[in-house]
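Report on one structure; see the data block that follows.
Here the chain labels run A, B, C and D in written order, and each chain numbers its own residues starting at 1.
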Amino acid sequence: MSAILNVRELEKTFGSLIAAHNINIAVPPLQTVGIIGANGAGKTTFVNMITGHLRPTKGSIWFEGRDITGRPSREITRLGIARSFQVPQIFASLTVLENICTATAIARTTSGLIHQALTPLHSSAILADSDSALELFRIAGYRHALAATLPQGARKLLDIAMAIAGAPRVVLLDEPTSGISIEEKFDLMAVVIAALKRRGITVLFVEHDMDIVERYADRVLAFYDGTVIADGPPVETLENPRIQELISGPKLKLAVPNGRHA
Amino acid sequence: MRQHLPHPENRLTITFAAWFLGLLALTTTGARAEQPAPVKIGFVTFLTGPAAAPFGIPDHNAAELLVESLNAGQVPAPYAQVGLGGAKIEAKFLDEAGSASDVVTQFRNLAERDHVDVVVGYVSSGNCLAVTPVAEELKQLTVLDICGTPRVFEEKPRHYVFRVNPHATMDNVSTAKYALAKFKDVSVYSGINQNYAWGQDSWRDFRLVMKDLDPKATVDKELFPKLFAGEYGAEISTLLTSNAQFIHSSFYDGDLEAFIYQAAARGLPQRIPLVLTTGESSLWRLGAKVPDGTVIGARGPHTFFAHESALNVWFHKAYVDRFKEQPIYPAYDFAQSLFGLKTAWEKAQAKKGGGRPTTEEVIAAFEGISFPTPSTTVQMALGNGHQGISDTAVGTYKFDKAESRPEMVDIVRYSAACVNPPADVNSIAWLEGGMKGAKCD
Amino acid sequence: MTMVSRPVLFGALALIIVAVVALALPSWLVSLTTLAFANALVVLGLIILWRAGLVPFGQALFYAIGAYAVALIDRYGGMHDVFVLITAAAVLSAFAAFLTGFLLARYREIFFAMLSLAMSMILYGALVKTETLGSTDGFHVEAPTYLGYAPQGAMHLLVLFWLVLAFSAASALLVFLYFRSVAGALAVPVRDSEIRLEFLGVSVNGLIHLNLVISGTLAGIGGAFAALSIEHVDPNMAYWTTSGGFVFVTILAGAGSVAAAFVGSFVFEFLKSIAYDILPGTWQIFLGAVLLVTILFLPEGLGSLFGRLRQRLNLKPANVSS
Amino acid sequence: MLTAFAILTDGLVYAAYLFLIAIGLTLIFGVMRILNVTHGSFYAFGAYGSAIAVGIYFDRGFPAAGGFLLMVLVAMVIGLGLGLILERGLLRLFYGKDEVIVVLVTYAAFLILEDVIKLIWGPNSYALYQPLALAGTIDVGSLVLSGYDIGLIVFASLLAIGASFALKRTRWGHLLTVVIFDREIAAALGINVTAVYTITFVIGAMLGALGGAVMAPKIAVTLGIGVEVIVLAFAVVAIGGMGSIGGALLGALIVGECRAAAVHLVPQIELFVIYAVMALVLIFRPQGLFTRIAPRKI
C-alpha cells in the first residue's frame, strides 16, 4: 500500500554543521514509528523539517502524494500533520478546558481569521468535542484547572490532545515521555497510543527509553550523526549490537540530569 | 509593601479632602453676600514645564502683585480705585501646561464650574487659538495675555475675546527696520529659530519685511532646531561657516541661554552680531555673556524701553521689592492685560452710573479704548477694537561693567502705526504687500 | 447565552442612565465626559493589543490621523456632516493601521513599542513642518452638523455627547463580542505560546495584524471625536506623551473588561481636572501617585473591581483574559 | 571640505552627548529588562546638582580642574541617592510584573520627580557658564571648536572604553554578563541577582546623572529638560540594540552624524531624522544593530 508520508534524500545543514543527511523514509498509514538516537543525532531536526519549522537544505517531503517541502508549519498543520513538543506548548494562563476549546475552535474555523472573528468561541458543538478529547486523554479531571498548575504528565497529554484537535492523519511526538518518572511513562504512552490508534492517526515519536520503543513502535528509525543508520522492526533493530553501542552509549549519559529535561 | 505606601496614600486622601473643602469654600463664598461681590478672575499661565521660568513665573508674579495692590488700592493713578471699580479681585490660578485638550477642559471648568467673571492668560499661541472659539461659545469674557499669533483676530471677528498686547508682527517689523539701519547695506543674513509655530512665524515675518525694505538682501543659512533641543553644536558650526552680516533669532529663555553660552564660547556672536527679537527676557540672567552690540527686542516698549511714568516707577519698584528680581516683558505684558480690563470695566461701570457692569457692557466699553500702562499707551485698534497695538522700541545691548548691569543704547522707537498693519488688514498680506499704509515718522 | 446577554444588559442599562443623567449635568462635566469617552475608544483599542501582550508607545499616530482627517475635511473638504467626518476618519486610520501593520505585526515586546513610537514621531515631525496647517499651533475645528441639523450652544455639546455615547456603546458591544469570538479569544494564547498557535494552523502575525487594524480604527474614531469635542487639533496629538497618556489610562483601566476602558478614561480625566484645580503647580505628583497606587492595589486595573463586584452579585465572570 | 569636517566633529560632539545619556539606560535595560523612564529624572537631577554645586565652587574661585572632578562627584552622589531610593523603595515591589507595568511604574516615578525638581529648585533656570569659558577654543579654519566639546568627545570615549573593559575584564563585569545572558542560570550559579540589580540600577542612575552633570555647562538647566532626553536615549538604545553598550555607542554615532549632516545639508528634516533612522534600523534589524536574537528552541 502507498506511503502516507514520504521523505526523499532529505538534508539539512547549518553552515558547516550537517544536522541531517540523505534521509529516505516511507511511512505507510496507521504505522507507529519510534525514532531513537543520541542527543544531537538529528531527531528533532527531522521532526522540525517534516512539520515545516525548518526548511530542508535539500530533498523533498511528500504527504498523501503532495509535495509539502518547505511549506510554513501552519499550512502543513492544516494539511493534516500535527506535532507535540518536548516542552509542552500549552496556554499556561488558560484552564485545561479553555486550552482544548481553543484548539477545537481553531480546527473548526479553518477558512481563516475573518471566519474566526465571526465565530463565537463557546458553542455546544465545540464544548462536546473538547470534552470527548479530554476524556480520550484521561485529563477530564483537570477540566477547570489552570494549565500552568498541571503536573508534567498532564501537560504532555494536553499538548498532544490539542495537537490532534484538528483531526490530522499524521502526528509527530517529540519525546512524549521526557521529564516523566519511569513509573508514569508507560501509563502515559498507553493512553496516548490508544487515543491515536482510536482516531486512526499515523504516529512518529521520538523516544530515549528503549523499553517504551520496543513496547509501542511497529518500526524503529535509528538516527546517528544526522543519518538513519537503521530502519526496521523494533526487536532486531534494538538488539543489533552496533545500534546498541551507538545509541545506548549516550543513553547512559541520560541518567545524568540534563538542563533540557529539568 | 506597606511601609512604602503612606506617602502616596496620604497624598491621595489629603488632596481629595482639600478638593472637597475647596469646593465647600467656593460655594460658601459664592453664597456669602459681600459688598460689593468680588470679581472672580481665572489666571492661566505656565506654572510647570520649560515655559514656566521665562513666562509663567513673571506672569504669575505680576498677577500676584497687581491683584494685591489693586485690592489694597495702592496703585497710582489712573488705577487708584480698589480692585475693579471698587469690587475686590478674587484670583484663581491654573496651569497652562498640558495638551490642548487639557487646556480647553480647564477653560470650560473655569467658565462653568468655577463661574469666573473673566479669564486672563495664555502664553502659547496654540492654546490661545484653542480656547478662543470655546470662549465665544460659552460667552466667556477672556483677555489673552502673552501669546503672539495674529491669527486669533484675523481668522474671524471675535466678540468675547480681547488681546491687549500687540501681536508678534510688530516685533519682526521693528527689529528688521533696526537691523537694516544699524548694519549698513545688508546683503546677506541668516536665521536660527525654533522648529515650531512661533519660530517659523517669526522667521517668515522677518524675511517678508526684509524683502520689502531691502530686496537685494539674501538669506544664507536658515536653521530650525528642535524646540528645547539644548545642544546647538551643529547649528553653531553651520552659522560659523556663514557669511551673513547678522543672525536673526526669536529664541527665548532656556534655548536662548543655551545657544548664547555655546555660541559665545565658540566666538560666534563676536564674529556675526545677533538680532534677538525677544532677547530682553534673558538679559538679566545672561549679563556679560551677551556680547555688546547685540540687537535686542522686548515684544513692546517694556523694561529698558519703557516710557517714564509714575506708573512705571511704581510697578518696577514694587516688583523688585517683592520678588528681588527685575520684571521682564511678560510681567509688563500681564500688567497691560489687567489694566486694559480694569479700564474697560470701570468705564462700563461709570457709563451705567455705578453698579456692576454686565459682560456685554464691559465688552462694549473695552472695544477700541486706549489706556496707559507701565510701559506705554495701548490702543485697542485692530480686530474691531479687540486687538491692542502700541509703539515699540529696539536697542543695542551694552553691559555696564562698572555697575555690572545690562543697559540698552541707541534705542529707536517705532510708532504703533509704523509697525502694525492698519485695522482689518491681515498682517501677512500687509507684509507681503509691502506694508502699505504704515505711517512712520 | 446568558453569559453574553447579562453583561450586555448591564451595559445597555448603564448607557441609558448616563444618556439621561447628561441632561442634568453641568456642561463642563458633559464635555469632560465626551472627551473621556472619545479617549476611551483609543484605550479600548489598546486593551485589544494588551491582551495579546502588545503595548504600542505610538498609538497617537492613529489618534492624530483620525483627528486631522476630521479637521481637514471640515476645513477644506467643505463637508461638515458628523457621520461623513467620522467615517472618513475611521477609514483613513484603518488604512494607516493596515499599512503600518505589515511592519508592526512582525514585532513583539519592546521592539513593537519602539517601532510604533518611531512611526508616530515621524508623523509628529511632518505635522510640525506643515506651516500651512498652523504647525504646532494647530487650527480650529468648526462644529459639525448632524444630518443637516446644526444644534446651538449647550445643545451642541449634548448632541455630540450622545453621539459619542452611541459610538462608545456600539464599539464596546462589538469588541465585547470580538473577545468572545475564536479570533478574539486567541489573544491570550498569543502571549502564552505562539508556537502552539502556529502548529494549530493559525497565522499569529495575521492575527496581530487584524488586532492592529481594529485598535487603529478605534484610535482614529477616538481622535475624530476628540477633535470635535476640543474643536481644535495640533501636532501634539501625535506626540509620544499622548501615546504615553493612553497607555497610562489602559493600565489604570486594566484589560479585565470592556467597560473598564470607559470608566478608567473618565476617572483619569476627572482626576486630572481635580489635580489641575487643587495643585496647579504640582499636579504631576498627584497623577504619578495615583498611577502607583493603582498598580500596587489594583494590578488588574479598575476592571478587576467589576470582577469582584460581579462575584459579589455572584454572576458568571466574563472570561476575558482569565 | 570644511563642511565635511564640521559635520564630522559636530556629529561626534552630539554622539558623545547621546552616548552619555544612553549608556545608563542600556545598562539597566540589559541587566534588569527595565525600560527606565526615570532616566530622564537622573539626567535632570544631575544637571541641577552640578549647575548649583559646581557653580558655587567656581564662584569661590577654586582651581578649575577641581570643578570638573566635582561634576563627576555630584553625579555619583545623586545617582547613589536617587538610585537607591527608587530601586529599593519602589521598583523592588514590581519585579516579576509585566515589563510594561514596570515601564509605567518608572513613568509614574518620573512624573513625581518632575515636580520634586520644581519643589527643590524652583521654576527658574540655572546656568553653569564657567566651564565653557575655562575650556577655551580650538580654531580650525573659520570653524571655532569649543574645547569643552572636544573634552566631551574624549570623556565619552573613555567612558565607553572603561565600560567595555569593566564588562569584559572585571569579575563584576562577568557577573553582569552572566545575568544579562540568562537570569535563571545566574541564579543557579548562586549569583545574588537582587544585589546585582541594586548595584546595576545605582550605576545606571549615576551614569544618567553624569550625563546631566557634564551637559549642564552647555544648556540652561530648567524644568522639563528630562523629557527630551528620555525619547532621545530610547531611540539611540533601540537603534544600537537594547542592553548593549557597544550598541549604544554605535547608535549614538549613527544618530549624531545623521543629525549633523541634516543640520548642515537639509535642515528641513532635522526634526525627525532621528526617528526615521530608528524606524529604518528596526525594520531591517528589529533587534537593533548590536544584539542578536537567540533562535527559538522547541
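By our rule, contacts are C-beta pairs under 8 Å (C-beta built on N, C-alpha and C of every residue); 3 or more make two chains touch, one makes a residue touch a chain.
Small disclaimer: the values here were computed from a predicted structure and weren't measured.
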Farthest chain relative to subunit C (centres taken as mean CA coordinates): A
Most central chain, judged by mean C-alpha position against the global CA mean: C
Centre distance in Å when subunit C and subunit D are each reduced to the mean of their C-alpha atoms: 33
Centroid distance [mean C-alpha coordinates] between subunit C and subunit A, Å: 43
Whole-Å separation of chain centres (CA-atom averages), subunit A against subunit B: 74
Between subunit B and subunit C, centroid-to-centroid distance (C-alpha), Å: 36
Sites on subunit B at which at least two other chains make contact: 1, 47-48, 195
Overlap residues in subunit C, where contacts from two or more other chains coincide: 128-129, 195, 241, 281-285, 289, 292, 296
Residues of subunit D whose C-beta touches two or more other chains: 90, 93, 114-115, 118, 268, 271, 298
Of subunit D, residues touching subunit C in the complex: 35, 90, 93-94, 97, 99-101, 104-105, 107-112, 114-116, 118-119, 227, 231, 234-235, 238, 242, 268, 271-272, 275-276, 278-279, 282-283, 286-287, 296, 298
Residues of subunit D that touch subunit B when the two form their complex: 2-3, 6-7, 9-11, 13-14, 17, 89-90, 93, 114-115, 118, 123-125, 127, 129, 132-133, 135, 137, 142-146, 148-149, 215, 217-220, 222-225, 228, 259-260, 263-264, 267-268, 270-271
Parts of subunit C lying in touch with subunit D, wherever the complex brings them together: 50, 55, 103, 106-107, 109-111, 113-115, 117-119, 121-122, 124-126, 128-129, 195, 240-241, 244, 247-248, 251, 281-285, 287-289, 291-292, 295-296, 299
Footprint of subunit B on subunit C - complex, ascending: 26-29, 31-32, 35, 128-129, 131, 134-140, 153, 156, 226, 229-234, 236-237, 241-242, 245, 269, 272-286, 289-290, 292-293, 296
Sites on subunit B touched by subunit D in the complex: 1, 4, 47-50, 52-53, 56-57, 195, 221-226, 228-231, 233-235, 237-238, 240-241, 253-258, 261-262, 264-268, 285-286, 289
